[in-house]
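What follows is chain A paired twice: with chain B in the first complex and chain C in the second.
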Partner chain A sequence: MIWQQLQSLVGSYPLALRGLGMTVMLSLISLVLGTLIGFGLGILRTGGNRLVSGAIGAWVDLIRGTPFLVQIFLIFFILPEFGIELDAFTAGIIALTNLAACFICEIVVAGIRSVPTGQVEAALASGLSRWQRMRQVVLPQAMRIVLPPLVGQYVLLIKDSSVVSAIGLTDLTRVGWLVVQRVPNGLLVFFLVGVGYFIVCYPLILLARRLEQRMGAAHGEVQL
Partner chain B sequence: MTSNRSKNGAGMIEFRGVNKWFGALNVLKDITLSVEPREVVVVCGPSGSGKSTLIRCINGLETIRDGDLVVDGQRLGDPATNMTRLRTEIGFVFQSFNLYPHKTALENVTLAPIHVRKIPRAEAEKAGRELLAKVGLADKVNAYPAQLSGGQQQRVAIARCLGMRPKIMLFDEPTSALDPEMISEVLDVMVAVAEEGMTMMVVTHEMGFARKVAQRVVFMDAGAIVESGTPEEFFSHPKTDRSRAFLSKILRH
Partner chain C sequence: MAIPDTSHYCLLTTAYSLTMLENFSFRTIVEYLPLFGQGLVTTVWLSLLSFAGALAVGIVLAAMNLQRGWLFRVPAKAYIDAVRATPLLAQLYFLYFGLPRLGIILPELVVGILALSLNSGAYVAEIIRAGILSIPRGQVEAGVASGMTYVQRMRLVILPQAFKVTIPPLLGQAIVLVKDSALLSLIAVAELTRAGQLLASDRFMPAEGFVTIAAFYLLLYYGLKGLAALSGRWLGLAGART
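Coming up: the complex of A and B.
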């Protein structure tokens, strides 16, 4: 019995690879985009403009305060009502990117605010422009604070990508649902699905830990 | 009260009736003061008297409520004044050094010349090495701030200002955060800068420095300039009770 199930599972190998590929692809694209947008939002949020800062803050709170599943449904099912048709993959990317950007924005804001005001004043006094102050003085110091939680956030977002199976994307989680209909052993199937996610996430968990240790004992940087 | 020594009516730094408030607190009261090119002015007074605020206004780290503040011929707060441009002409040395911790001594000195003045990197690094040698840190070019003593960090900070070839240098209690044995190495560098003809305003209680290079000592209390004169006049014949009380406290030890 279990032998037959295992054989059947081995037969699902190409489907499982496709699912893993989809999960990695979704995560990779949305994490890259989300990181870029998240840094942009974080920099704007700490900039001088109250209106921009307030708008970003409100959006981030809204996204952080609603379930990701609901956000996906809104994008995938509600937007077409307004004439915006999206395929499931695009909808998934948009939802994940938006979520990643919002969480990363908060991490970046915390990092930027951790840089002592004396640093900004020194840069200001040397005549550095706003962008030069950010690029040369603030961001490099903020990265010490930002990097470990950023990588940790990547792990959370990769796992959150499983929610996109709800709109029919054949990611690792949905492959689990498909396979379990042929192989009626939920425990075994979803154990393997879990292993798949863990293989993707574990290197990042190790990286986050390494970064945390390295940042703690960084050479040439003051413990301010 | 303050003699206006300017020949053509416009000094390098001109305060005319400047007022500033922090909330309800009047931190600068009707300040009128003119600093000539190449003049060295020492500002002293009890803590909370507005000395730091006074010099922080000059490069726009603080903004003024009313009155006129003209620096190098440009009126602060005027829309025509490019503050970023003006700041490149004004070096500012902080009490707590504020070196960039992620950059080496040399990189601290060359950052603004490369990015603001657009000087080619090789040229900026050559000038930076010379400046670090000048402040006695030729062997610390590649050291990070965390590897330097307070006195060394402050000398790098002065070199960082000099790298921009400023017209004015402002010092905000440059030796107050230093251990006593490091104070003189920083003061020596400041004396050398003064002797080269830099226009300087120095907030300090280092009276030896004031006697040596200052043309004028300005005494502030409660946001106002109470007294101003040559170091000799001020230290030997203080005119007001408040300056006498202040001097008796700082000269006692």
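Coming up: the complex of A and C.
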């Protein structure tokens, strides 16, 4: 019986590959978009305008305070009521990008705040423009704080992409769900699904850990 | 730079987006309020149970992880890494579809609590480990010099100090757990998100259903966040006193 199941699993191989491809593609697109938007939001949030900063803070809080599943349902079922027709893939990308942007915004804000005021003042005194200050003085120093949690956030993003299977996208988790209907061995099927995610996520976890150590060491050097 | 408290903006933006939806039926929400109430109560107590379970799992894992010998440390590390590198939904399905295979038939609710406990336990273990490792080495050495046994050192020196450090991140993990519990709706546990799904499918009113549960989750979120801020202040004071 186990032999039959294994054969059936091998038969699902193309489906599994497609699922993995979908997971990687979803994560990759929203990772890139989310990082760009997240950095933008973070810079705007630490910029002077109170209204902009407050609005971003409120939005980030809304997103951090609700489950991702609920956000996906809201986007997938409610945006059409505003006349915006979405397929599941676009809805998934929007939801994931939004989630990533909000969390990355918080990370970037923490990084920018960690840069000593003296640095900004020195840049001001040197006559650098706002953009120059941000790009040449603040951001490079903030990256030391930003980088490790940023990579950690990417891991969370890949894992959260499994939730979009709830609106019917055939990602890796959904493939597991489909296969388990035919091959009634949940342990084996979802173990393999787990292996798929592990292969993608674990190198990133190791990278985050390494970065944390290296950045910590670099920080120690500066303090000495 | 001071950032103004933004919670009232949230309510404003929510209210504004509601007025943009035509035919938003508050009456249906009121009609379904008992269902939402039940869902909220279920979400709260299943989160509490899962958090208790996560604490138990986390303490055991952290203790294993802090051993010098590899016999306990390696399995604990492997478990923590495996949980952290795979999504909760896959873990949930693993238990949901996998346990019956082993002849263990459990109600969905129990499977859900089990999955949440086992998942959060790995993160709790890391928090506890970080807390214990944050105690300066000198404290332990002073304990040894005072002739304390291992248990005495743990109980009187390390744990009281580590406890303080771990409370805020533990509350953060509690927030994550409450949000994660929404996934249990996918295995038909009658919690808050499930209540929203029912309204969406019974009456074809997804907006009413999901906006309402989002509001309820925000309520829980702000409650826990307030608690975290309070505990931080309280612990900060306690820290200053010693």
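Heads up, the rule we're going with is that the second predicted complex is superposed on the first by the 220 of 224 C-alpha atoms of A that agree within 3 Å, B and C clash if a C-alpha of one lies under 4 Å from a C-alpha of the other, contacts with A are read in each partner's own complex, and residues count from 1 in each chain.
Here, a residue touches a chain if its C-beta (ideal position, glycine included) is under 8 Å from a C-beta of that chain, and two chains touch if they have at least 3 such contacts.
None of the values given here were measured: they were computed from a predicted structure.
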| item | value |
| --- | --- |
| Superposition on chain A - do chain B and chain C clash or fit | fit |
| Inter-centroid angle chain B-chain A-chain C after superposition on A [Cα, multiple of 10°] | 100 |
| Which partner, chain B or chain C, touches more chain A residues | C |
| Chain B versus chain C as contact partner of A:A55, first or second or both or neither | second |
| Touched partner set for A:P140, first chain B, second chain C, both or neither | first |
| Which of chain B and chain C A:L124 touches, first, second, both or neither | first |
| Partner chain in contact with A:D87 - chain B first, chain C second, else both or neither | neither |
| Superposed arrangement (fit on chain A Cα atoms) - minimum chain B/chain C Cα distance in Å | 15 |
| Contact residues common to both interfaces of chain A (with chain B and with chain C) | none |
| Touching residues (chain side chain B, partner chain A) in the complex | 59-61, 84-85, 87-88, 90-92, 94, 96, 98-102, 104, 111-112, 115-116, 144-147, 160-161, 164 |
| Of chain A, residues touching chain B in the complex | 116, 118-119, 121-129, 132, 136-137, 140-141, 219-222, 224 |
| Partner chain C, residues of chain A touching it in the complex | 45-46, 50, 53-55, 57-59, 61-62, 64-71, 73-74, 77-78, 81-82, 113, 155, 158-163, 165-166, 172-173, 176-177, 180, 184-187, 189-191, 193-194, 197-198, 201-202, 205 |
| Chain A-facing residues of chain C, complex | 1, 3-4, 6-7, 9-10, 13-14, 20-21, 81-82, 84-91, 93-94, 96-102, 179-183, 185-186, 193, 196-197, 200, 206-207, 210-211, 213-214, 217-218, 221-222, 225 |
